[in-house]
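When the chains are written out, they are named A, B and C in that same order, and each has its own residue count from 1.
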């Protein structure tokens, strides 16, 4: 019974991890950027949700209406203002640039909002649903459901709209996409904005689950790195499956060996994947002549 | 003439695509072998398989009676096989001379000696006055010469050239052909991928035609180039005669 | 009697840079004595040299080797903790403990390299982060051995072999010597076959393979050297600061510090890390005075901003940028 409880809870949080990781893997797949700002976008979204609730009493789910466009815009700004130039230099430059922006955001949050922990307390946040002896947190359940819907919408977008297909084309072969008339600069900006919006949604959802503080994004960034490598860099399917797997593994580890060590488990998992199958579950071996 | 290289039934698949299908040929010492074929025929893939940058799914590569199938690229190079790349791959943070010096270090005992060897090689290919330059700024003709210089300075017995004349003006092509003749005269065996047919006709006594990963024809240059299948496969691919 | 014909002594022309170099060296030796009564500035200088050592070590792998390690704190922490724990638990003098730490770090570097340096992509950068993080968690949780998050303080037992002195001046010279190690290695890299092969691998691994260079071995070996020296810096840090704790020694911030310093000073140059460290550490001290009492975080924010600006505008670092200005300018090749 405990096992079922752990698995279900794990899937719930795993769904949110999947959402976060979809954003990360989309950005990597299209632009080959390892986006260190991703976790901090979650933090920004969480703070937005918190302040909208604390100042105006707006529910964080309603707040998503503001959070999504805001984070998308922020993402587009970061790409347009900094990253597009960093990419031109080198992959290393884009990694370091995102790290720099991450440091700026975390410390800006620290300065503006201090290190105090903040959390949203409404009727929903402590509610849990019980069924057949399994107890699941209500906000987490909602988060999972929304994440599921968003994921389905995302796949629909990528497979059935022109813009979506252009994005997929750019991630498969950038040069071919250019030759076929795809405006890669626009695609890159849009992809980065979408990727950021996805993690923004996750942030809005998690605001009623976790407490928020300036460096809260770091943990989630680490988790999503593990998910993305497990699933395969650039693979959307991989991000979903990987997210669910990591969610379950993490929840189970927290139960069996304590929450301070659970991070160790997925870090070791991460290292193990890199040793055994770095391409991950669904990734392709990156082009290059190393065998 | 001693047999230098033997390629037997070489096959490579990428997922569902068969890039190279059962290619077999030999290269004797002193040959200049041309490999031609339309774009996408698998010429560069063949090079990569032979020189160790790709591992074949089936077949063997034998160099001087030693089976080198599946060997890593750097080991194969140390045996005396060198190659150039279709898209020139210079070392961006080293100047022209040091690019060649790195290669020369394989034989040279010190930096000074490596640089001397590099200088000599640069003179040979006609780049000596540009020894100080950064490679990014070089026009394509010089980049190709640099590629060649790097490959040559290790004194290989077998040299693979991947479209070394691609993108060059007719004057540059002629100059490069002169250089390649001299290289051949000094005892190096050459295998050349080229689209510039006049160069092939002039340089190579033997030619292999690749089409969709398989060998379409093989034999002396004149014979092969007259075969109808070859002409057909190449229709639209033939570069206009550049002239003597 | 016939004297053997002697070759005339070659007079090496003394260039301006030789004289500047000698002058700086002289100053470097004199400085601690001049600052003896200003412990604050001497302290800043020592820390600058310490970070120059760590950054210099990183630079060997990152700058000369092109290996973007974002987890070098792992080696730093290994050095700090190994030397400290051996000292505190087994009374082994840190001078020896430092070497043990270097050895352990080298092993970790070796294993990391063998596993990840075969692959293309950002895997190496990611795995270095993971390793530093793993070591942090292990150190925090294995409190029986490491005293967990409370850290370990180093008892004061003065002596050369304990790298413990009652005046700051010997620390300065110690730091100076450690900081010169990567500088010497870097100079050697710029003149040796191994160094050239390393730089070739950095610039274009495929082309390097085509020239007979065993690229994996080259990369792994520089990583091993780099990690060992980083550990030495970490051990010295422990002895100087006399208290270590996992959340700092294995932190991402420490890793980034090494990268930022090197980038500012000059990636892949011998003196870049030293230059960069003097700037960054000096700036650090200066800012601490300016922002005195102000929000913690303003300083770090500034670093983040600096990182972005350096990456965008001066990615090769200040030393190469200055060199270009001083020399006759980039040679251009005009077509035709």
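Definition applied: a contact is a pair of C-beta atoms (placed from the backbone, for glycine too) under 8 Å apart; a residue touches a chain by one contact, two chains touch by 3 or more.
Small disclaimer: the values here were computed from a predicted structure and weren't measured.
Asks: Could you name the chain whose Cα mean is nearest to the mean of all protein Cα atoms here?
Replies: C
Asks: What pair of chains is linked by the largest number of C-beta pairs in contact?
Replies: Chain pair with the maximum contact count: A-C.
Asks: Centre to centre, by mean C-alpha position, how many angstrom separate chain A and chain C?
Replies: A distance of 34 Å separates the two centres.
Asks: Averaging over Cα atoms per chain, report the distance between chain B and chain C in Å.
Replies: The separation of the two C-alpha centroids amounts to 42 Å.
Asks: I'd like the Å distance between the centres of chain A and chain B, where a centre is the mean of that chain's Cα atoms.
Replies: Going by mean C-alpha positions, chain A sits 46 Å from chain B.
Asks: Show the residues in chain A shared as contacts by 2 or more other chains, in ascending order.
Replies: Counting only residues that touch two or more other chains, chain A contributes 289.
Asks: Could you tell me which residues belong to chain B and also touch two or more other chains?
Replies: Where chain B meets two or more other chains at a single residue, that happens at 53, 72-73.
Asks: Which residues does chain C have that touch at least 2 chains other than itself?
Replies: Residues 206, 209.
Asks: Okay, in this complex, where on chain C does chain A touch?
Replies: 68, 70, 115-116, 118-123, 125-127, 129-131, 133-134, 137-138, 140-141, 205-206, 209, 256, 259, 263, 295-298, 300-301, 303-308, 311-312, 315
Asks: In the complex of these two chains, what residues of chain A are touching chain C?
Replies: Per the stated touch rule, the residues are 34, 82, 85-86, 89-93, 95-97, 99-108, 110-111, 214, 222, 225, 229, 233, 260-261, 263-264, 267-268, 270-271, 274-275, 278, 286-290.
Asks: Sort out for me which residues of chain C touch chain B in the complex.
Replies: Within the complex, chain C touches chain B at residues 191-193, 196-197, 199-200, 202-204, 206-215, 268, 330-333, 335.
Asks: Given the complex with chain C, which residues does chain B contribute to the contact?
Replies: 51-53, 72-75, 77-78, 82-83, 85, 89-94, 98, 101-103, 105-106, 108, 111, 114, 130, 132-134, 137-139, 142, 150-151, 154
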